[in-house]
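Working notes, beginning with the structure itself.
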Amino acid sequence: MKRETYLNAALLLILLVIPLWAQSADEPFIITLTTRAVIFAIAGVGLNFALGFGGLVSFGHAAFFGIGGYAMGILAYHAQTYTPLMEFPFVIEGTKSMPVIWLTAIITSALVAVGLGALSLRTSGVYFIMITLAFAQMFFFFTISWPTYGGEDGLSIYIRNDFPGLNTMDPIQFYAICYVILLLVLFFVYRAAHSPFGLALSAARQNEDRIQAVGQGPYRLYLTAYVISGAITGLAGALFADLNRFVSPTMFSWQTSGEIMIFVILGGVGRVFGPVAGAALFILLEHQLGGLSEFWHIYLGAILLGVVLFARGGLFGLFAGREVAHD
Amino acid sequence: MTDPILDIRGISKSFGALKASNNITLDLHPGEIHALIGPNGAGKSTLIKQVAGGLTPDSGTVHFAGQDVTPLSTAARAQLGMGRTFQISSLAMEFTVLQNVVLGALGRRGDVFRFFRPVMKDKQLLEQAHTALEQVGLEDFHSFRTSELSHGQRRQLEVAVALTLEPKAFLMDEPMAGLGAEGTQRLMGFLDGLRQRAPILLVEHDMDAVFALADRISVLVYGEIIATGCVDDIRGNPVVRTAYLGEEDAA
Amino acid sequence: MSTLLLIEQTLNGLQFGVMLFLMAAGLTLIFGVMGLINLAHGSLYMVGAFAAAAVAAATGSFILALIGSLIAAALAGVIVEMTVIRRLYDRDHLDQVLATFALILIFSEGTRWVFGSFPLFLDKPAWLSGTVMLPFGIEYSLYRLTIIGIGLVVAAGLFWMIARTRIGIQIRAGENDREMIGALGVNISRLYTLVFALGAALAGFAGALIGAIQSVQVGMGEPVLILAFVVIVIGGIGSIKGALVGAILVGLTDTLGRLLLPQVFGLFMEPSAATSVGSSLSSMSIYILMAGVLLFKPSGLFGGGH
Amino acid sequence: MKLKQLILAASMGLAAAAAQAEGVKVGMITTLSGGGAGLGIDVRDGFMLAVKQAGRSDLEVVIEDDQRKPDIAVQLADKMIQSEKVDVLTGIIWSNLAMAVVPAATAQGKFYLSPNAGPSPLAGKGCHPNYFNVAWQNDNLHEAAGGYASDAGHKKAFILAPNYPAGKDALTGFKRFFKGELAGEVYTKLGQTDYAAEIAQIRASDADSVFFFLPGGMGISFLKQYADSGVDLPVVGPAFSFDQGILQAVGAAALGVKNTSQWSKDLGNAANEAFVASFQSEYGRLPSLYASQGFDTANLLMSAMDAADVNDQDAFRAALEAAKFDSVRGDFKFGPNHHPIQTIYVREVIQEGDVFTNKIVAVGLKDHADAYAADCKM
């Protein structure tokens, strides 16, 4: 067996044991913190699909994270205030149902990703990094100045949305939902990485001439990867909004894009489970360093710098060695 | 005589004042190896790009298998059956040897937008891949990472990938470059047989190889075809001797 | 709306653009020569402003403060280049983005640690205060006019340096072919440090100039950084000429957009809604401009093959 | 998790006569790092000064930094409620963070005392019996500025604010009390630092006065550029751009500007004089508006602790409503929606030696309540 497999299993186990322990020790906040890590992990897995497998360095994934968040915020807000979302040409009501919200988040993010991706993928390299950043900034400034849904104040949803048969306000039950979604997303991404599409996408990242020479255009591959990536990150955004029962334009900020990128790089670019490790480590650092000093960002910066300079390949690179080719 | 598979009709391409391709006409018939030679900077790479796609000529057309492919992308031309190998190895270096060849077979089959089936367990693809590896003699190396291959092995792998595409014609850009004498011999033997499966447009520096293999030779100098003919014609052509071979001797 | 206002706003747009150019020039040089995306460029801008504020507080001289900003930012640039940046040249953009993002965190919190959480005081000198009358009865801030002047002089100096001096030749060589400058017998690592220090000094200088009419505070660099990136992407990364054109374009779009968009919407909407929609759109205007440029020229207006 | 939760239990064991069986645990979520940290630090220092002076053993304060990020604030509130099991929350500076935290906290039966933010939904339809605002409703200072501008005889005002909800509230508040007409109304980009375009519009308009709400660095930038523009119309604004923390960074550019505040360091009551002196000796700087609000919040809380047990929510709420403490603002009482009814003063920026500060020059609105109280049903 490969070491990477052990590491993957260990990660999933840790994420299972910690909340269970916290539940028995009556430390609900630890559960909330772990939920946060799991949701960030989903966002990171989403970005990793474009960045790790497709080599698309998107500095604007906050756009999808935010869209997912606002999908939740807007639907739940209308349900909360008993006002229809839209009356013409047909009535759309708000909803408090999580599955409906997730589906909306996924579809909306995917649609936006089709548009943004189709435009952004005309560029490459630094230009791609910057145009994705610019699109996310457009969403950021738009939501800040768009009064209907709270502008910069954001939207508060007082009670978490519903999932059939569960009490979502109970931290451990909400955690269970997020954990299962993470598992599903990981399963999908793992399969996709080893599928025909995954092989072609990876080849396109390594060598565009090669993929063209075997008769496949890289643009469609990239666009598909970008859309899937955006949809997953959008789903994470909806969960994040439900965790906080709150959405605001901060979800669209460029720092959010940077953080999602950090999860991926900390964990290991192109490793299916990399972002899970990265997000968990990030939350741990934030939590531990925050207690050390008011100036804890300095330490965070130093650690990030250390990872980039000396631990290439992130945590997975450190513990599982160079990626083994899949046979 | 049969219709040519590849028919390049009067293509020209300029970069500013530089005429990289000047009214080039060239064709490739079934069963032949047509070699394209010329000194450095003659415009061979520019010509190959216009044939394979990626660079649109200013004027003129490229016909392939009876179809005008001038407006088509590289990928579309490959789909039609243009099997290309590159001057500088263009392989997915992180992949294993087998993955690279499976990629070729997959590209040929065309169903890349499948997200759930493990591609490396696809019997049909694996079979085609292994066959191609055997043909170029790389079967023993199938589990090697591509970046671990020697220069010559990468060349062989490029050919193997091109084979999986079951092309109607091969476009080979200096496949012998960097191969040792033994490697060159082996590849030459292989190409010799290959021409029966599909004709080859061969851009090559190695004169011995060209004269030994080619059915016809075209000489490209300063963006123009100065001569086309069989090996003996070219050998005896005084224009070619001064413009090209003489230069080669001096160097 | 009067023509006078339009002219004054155009001057404002020009001043804003020229300031952005000081930032963007360094950024684009560093990318052109070393192939490095430096997110921490905004931090150097901040370092310049804080150094100027500290020197001005100690000496009371604005000129000394400007010199202090140049030295401090260049020094910070040299230190960062030699300790961190140097290791990033042959990494991919992803590593560069993350590492320089980490540098932002370190710079920002470090500055707050040293100077505290409250904004610092930095003012223009008395002899640059007040307004001047320009032709056609335009009353305009002397200081802003000075910034435009300084910016144009710096731009001219940069063009001269690149076109005429030894170091300029090396920079151009580096932009075209990174291996070639090694072959020319140039000490590459010294050239890189020099270019980085030059970019840093320009950013710090901009920070000091602008700090005098804005607020010297932690985090002041990031908004400018993003704008500077927009500028160089529009202009074409690596091109000084592109940076200048892009900077002026962004400066004018932003300034005139803020003035004109609400008025345009006022033509067919009620006033407060027009103000609101117009302002929203104008805050997005430069990003729309950038997306538009990239759609038609995917490597910027003057972009080469990067 | 260890150091920052500066847990401050008092040293003196001899508490007041009405000591309770068990103490009160307060969770303070405020901005201590990144941009805008100065405000949070002032609130914290003001609050902790009052706690220290009282020297109680039954009051425990847990402090956390929200980094001015709503999601972090929500997470910290969860932590305070779930793990720390606090009784009372306080500390949030920004309206958007308050909107993220307060409704959920009060819904879970916690008291929330706002030392700064007062978004309008929480004063109107979204009010809650457990939510008390010790500072002001967001519109208050702007309303006073509008009132003052009319009193001062200004007929045409040019008004500007950032394009976000608090900015819109500000202009609405100003217009509510300003009797003249508007020469222009401009929304700027949030975080904008260059105001040349807006100043040019002011110059081109026929305004006779300028009102602006630009908190933090935006206000510093605006004032410096305005002072240099040659436009010399009188300026009115809320106290946020003129508080002690940033006035030094603006410098002489702010001299003479009128600003409205419910507090000023020269307010002549005994509690305030003692507060200013002790704050200065404790921290070596002059207190700001925010520090005074933090100080008042702590004293309000402790006055309620003296009167009732926090576990008896109704009694504790009644004790908070009574507001029996010596506010540094002089008289202090709550309206029906738990927002202050207070006098708002007009201050002028002056120079005292090397230091720029404010002095009271007029009363803006006396015993002013907010406009949303009628919407509050509780």
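Odds and ends about this structure:
Letters A, B, C and D mark the chains as written, and numbering starts fresh at 1 in each.
Methods note: a contact is a pair of C-beta atoms (placed from the backbone, for glycine too) under 8 Å apart; a residue touches a chain by one contact, two chains touch by 3 or more.
Computed from a predicted structure; not experimentally measured.
For chain pairs C-D and A-D, the one joined by more C-beta pairs in contact is C-D. Chain B and chain D, compared by their mean Cα positions, are separated by 75 Å.
Computed centre separation for the pair chain A/chain D is 36 angstrom, with centres defined by C-alpha atoms. Centre-to-centre separation between chain A and chain B, using Cα means, comes to 43 Å.
Shown for chain D are the residues in touch with two or more other chains, namely 33-34, 163, 168, 187, 189-190.
Touching two or more other chains at once are residues 108-109, 112, 276, 279-280, 283 of chain C. The residues of chain A that reach two or more other chains are 141, 144-145, 147, 295-297, listed in rising order. The list of touching chain pairs reads A-B, A-C, A-D, C-D. On the side of chain A, the complex with chain C involves touching residues 51, 57, 59, 119, 122-127, 129-131, 133-135, 137-138, 141-142, 144-147, 254, 258, 261-262, 265, 269, 295-298, 300-302, 304-305, 307-309, 312. Across the complex, chain D meets chain C through its residues 33-35, 37-38, 41, 163, 168, 185-191, 193-194, 196-198, 200-201, 203-204, 216-218, 220-221, 224-225, 228-230, 245-246, 248-253.
Chain contact summary for the complex, chain B toward chain A: residues 52-54, 73-76, 78-79, 84, 86, 90-96, 98-100, 102-104, 106-108, 110-120, 122, 143, 145, 161-162, 165.
The touching residues of chain D, counted against chain A in their complex, run 1-5, 32-34, 64-65, 69-71, 74-75, 78-79, 82-83, 95-96, 99-100, 103-104, 107, 119, 163-166, 168, 187, 189-190. Chain A contributes residues 188, 191-192, 194-200, 202-203, 206-207, 209-217, 221, 224, 323, 325-327 to its touches with chain B in the complex.
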